[in-house]
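First up is the structure itself, then whatever we jot down about it.
Lettered A, B, C and D in written order, each chain numbered from 1.
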């Protein structure tokens, strides 16, 4: 390793919160050299972003408090330099890009203005900045660059926004680029493109890249070295291959094992009776066709996965089947009865039988209702369990069924972690003893270890209670582990369907092939091979 | 099986310190709470305890200056233009003042929020009708409403509430609607729909509780506004009329004496300012205390002390 | 945008019609203008003559029909008290109210934005608390009280400004200063609250990572976002000012529409009341449309 | 923007704070309490209009002397005589010109009255001729006969109430009044100011004031402050609370009388003992110098002491709460339900401190055992209770009202307030009706005697109402002026009476 460009040494940061002081990071040390890519890997709450934020002076003090440590850049401790000096370094020498570029780009200014500002804020003339911005916008592959300068962030797709963020970060040719979960919100194919772009740009400029991520696949794809963080501490450090193959710390091991897509593919039980059948569903919004002639069947006790990238129509499909949206044409038969033309009271009865688990439990659980109220609400709506004295016991039973404790019953959603919240959402769905649960990206917001647990839980429910699942996801690994049948959607159409094994082992449609190829494997060697194959193709 | 009682007792620990102890820690908010408590006590007990004393006139002993115990404790804040003790009158006036302010704010809140919920939740047409209604109310001068109501119905306290409430409806209506438009798109509302919840249930159980904190904040700000609006009506001669007394009326009546007997208008004015200030400080504090994302602001102090 | 304005204009026209019907009939509930126009010992015959002259003896519905008919010819009727076209009286008053409202709101918005934003930048700091307390006290003091004290102190005591009236720019100082206080107190609070949450937004973090200085960070990056909720409140306050600042106009002898309105209501000068309310309503509707336009200008996401 | 000129103006002006309007030494500014809706000569009997118009712009045939004791004096009429049979002949002043240059003659007088009686215009002064039909005969340019049916003994006095306009004046309210007075209207900016300038071709003596600017502020403290700050020279109708400077503040009896109208046909006030008890329960003296200014006089009649026939023998009822209680008990013993509610109706803004006065009155009545309560109402509602037909009520209502008579003769008051047909009367007494009828028709000493008798009868015999105070007006007059307000200042403010020190 060459001379380190940036060194974090023994950094400890505390957060003062309502529930007392949290040691966000403890004695964290890492460094990165010129041209090197360092990945900081960790799950949510591991403190992986804290040290990067400390480098950029982005911590809110209070509630944060830097207890100890040093951050060296060009021989100076960044924790000791003046505010003004630190500000002058930001963007110029050390730049940063973020997850969720929609939120991190200012919604009310044109992207051109925002990119140019990176240079004008550091005293460069505006015309020079404009020329450089054009150059970079073209470089990161934004179509119609001249017009793009005058557009607003919401007028771009997620991938384009991240490219624009990258363009902005590179305006002043920084020494170091810190990327905080840069691809988490993106579709797999876009993720691959953005990572490739980062790599190319790094090769061109020789900058150091610090990549903060929770995704082993991303690490395998791009990083040279990795530090693994858990609960504010670095538990493992080394070259990517070394860590993957010879992880010493049990947490690292667990993390690697939890990566989905490695289990046995299940075989389809052909004999089960038909539960749900959709025939030629169509739905358009203005000129945009969200669903085109979508048909599917789902049998009792089976799980059907719908995969596709954002905008492929998979959520619209779920919403249409739940009668949240009205289809323009087509039928959706529930046990032979058409859901779309069904009367109010009959629909209410069906609503009990079909439940849904949403992507983000933070948003799908009313923050002002306790766990008990959340779970028992369905009984009020459907006038079930009239004997209220028994409800509490049943709620506790359900909580235990999803792996939570009886003592959680009176708490509120914000007091739980993301995984626990999703379990509450599942318990809520189970409370009505449904026959079908529709999961709309139900695990994609969760950390991998939690993801694995939730998938296991769902699988268990299916086997024990015979519940069917309509499983909407973009993460192919999860689908591989859970689904009996897979439908691949693109632009509102089904492009391929078949048993899980067939789709994964012998994809027919080029789009399916592309999806599978873009999927990152946590094993750096496998990933290197795929990359090589892609370049060949 | 876990013990239920244990589950209950465990809850406060995770919630962090109780609201009361957090209030005690913020001295400014705590003082506000105490002041408001005293004012509410005045409002509840004032007329019964001091009603007699407050009406006790003495023309020849009028405009008695404050800070003198010569005529007993009741005159410590001075006497008014009819020789009645200011202190007693301030306490008694708290009753009507609070009745009007609370009555106005509550009724405007209920009607405005109700309409706002409907406008935000229901379809575009209903919403349009309600919003245009709000436009009409907004451009309808409160003075005309005041004169119409007072002329047709007479200047009683319920009628004052009616007058003031009508004019305050649009602010609640607009705010509620705007918030509902946002909240109804949230995932948990969809989750409730999927479960089969009725419109009423979604509005009342899911949307209203989320909108409520904003409404409460506006309501506290409005409280002061209503006290002042009532005072302005008194100034124009179309507000509360004696023998009813409110702080607003006392300020309006004391206005000619600004040069000769400043205390007539000053004390009731001060009461309005104190009440408004306390309410605002408390509501600012509440906004932070009830928001898990902001609570650390109140917490940070404690962790440093410990 | 044009379509939006068109739709709003039509909807506003309907509101205006509703408002007119409401005011027409409600105001006529409040008694007989003849009794107020004529002295207390006027004979019944004189009162009757007054009513006949002004068509007040006709059935209410016929009075209304006539009013609407005249209105369609842009005739707002004649003031019962002033023997002049009601609309002239109202527009004259509006020529005073409009600049008063605009200047006051301009000052309120500028100062509230600057002070509120700075207060929000260091929440709980000394400056924050100072701004909060001063604005709250200002906003909860009765305005007529402030007005009279201001005259005593600044006109008589110090002799800096004239007590009241209009004529020179100096005459505007006290009315504007008194009118300024309450909306300022309110808007500063809202700006502060809105800016606190806006300053917590992710794009602020981006700007800090870019090395943007504090002042542009607050006033360029955050303010435009933070303004969105503030606009509604500014609109409400401006509407109140457009309705006329009765108290301030009364005390300072400022010939605005608020004073005209209360006088006309108390004297049951129905035509002036109606004309004043309708002109005000038009002003408020225009302002509401402008607010929607302002939203669009500030936030490109809602332009379409 | 707009802000800039203001700031610049503020900077420029901050060094030289002069009164708003640069004025010559003989220019004055008058700050009035309410704005004028009209500057119409035939409405000059309305006090806010009269203060500007009467004898300044427009003149009358006769004028009542309130400064001295000359009684009715000549103005546009040089002399008049009673020709008998209800006919009065007026000789007009020659060489009088209107401000538009036309000459004044008998035809103008006739036209002025035609205008008052026209049904195309609602002139206020018409009310003084309610039951009298007038016929005008132009004898020559400067002589006019006026015949009244029935005969009107105070016709010359009534002539002091009607302003003379040129015969070209249309039958509608004018905005540019033309008159014979010493001033003419040169500027009227609605909402802001009215400017009168001295005429050079006035027939009489040229007054000292060359130009008068009228501005309007409803807040008494502001009016007083304007004189103090040198922005105005005369501020009528300030309140006692702000009148704290003996050098500038004048108090004068202002011809207003405050009383409680009692409905003598309504229980429990049908009983004279109850009415006496009402009178005895009120400590009138306590109001003076407290909520009412020093100088306020106790009233024994509906009209001020300067009025014809005022009875000096009457004295205000003594404050005697014990006696009041006794009377009440007696009445109760005779079956009068003295527990019936008595509601005092008072009008907001009726006169300064009206609320305090009403509150104190209510309290005093309660003290002797009346079931009294107070209700403050707005002007239009007050009117409903004040004028017939009176609304129904359980118990009775006492209307607190203020009556103005500066005209010198009780005829303008007594019928309305006491005759059984009077619109604001609470009395139904044949003797009262008879006395009013006789006094109205009488002249000279007989007239005075009859009025005197009526005052005594109403006050002492039937105790018709609760007469309270003759009110005092307060005006602030700049020290540079030589001017003393009079009882008429409420109704008119003659600029020609103002001098400079």
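Keep this in mind: contacts are C-beta pairs under 8 Å (C-beta built on N, C-alpha and C of every residue); 3 or more make two chains touch, one makes a residue touch a chain.
Everything quoted here is computed from the prediction, not taken from an experiment.
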Where are there more C-beta contacts: B-D or C-D?
C-D
Cα centroid separation between chain B and chain D, in whole Å?
45
Please report how many Å separate the Cα centroid of chain C from that of chain D, as a whole number.
37
Whole-Å gap separating chain B and chain C, where each centre is the average of the chain's CA atoms:
23
Taking each chain's mean CA coordinate, chain A and chain D are separated, in whole Å, by 85
Mind pulling the chain B residues that touch 2 or more other chains?
147, 151, 238, 255, 258-259
In chain D, residues with contacts to at least two other chains:
221, 378, 380-381
Quick check: what residues of chain C touch more than one other chain, meaning two or more?
30-31, 148, 152, 250, 266
Which pairs of chains touch each other?
A-B, A-C, B-C, B-D, C-D
Interfacial residue positions of chain D with respect to chain C in the complex
1-3, 5-6, 8-10, 13-14, 17, 19-21, 35, 37-38, 40, 45-46, 119-122, 124, 126-127, 130, 172-173, 175, 190-192, 215-219, 221-222, 225-226, 228-229, 231, 378-381, 383-384, 386-387, 412, 416, 423-424
Chain B contacts chain C in the complex at 128, 132-133, 135-136, 138-144, 147-148, 151-152, 170-171, 174-175, 178, 221, 224, 227-228, 231-232, 235-236, 238, 248, 251-252, 255, 258-259, 265, 269, 272-273, 275-277, 280-281, 284, 297
For the chain A and chain C complex, residues of the former touching the latter:
56-58, 87-92, 95-96, 98, 100, 103-109, 117-118, 121-122, 152, 154, 165, 168
Which stretch or stretches of chain C touch chain A in the complex?
201-203, 205-213, 216, 221, 224-225, 298-301
The residues of chain B that touch chain D in their complex are 55, 57, 59-60, 62, 81-82, 147, 150-151, 154-155, 237-238, 241-243, 253, 255-260
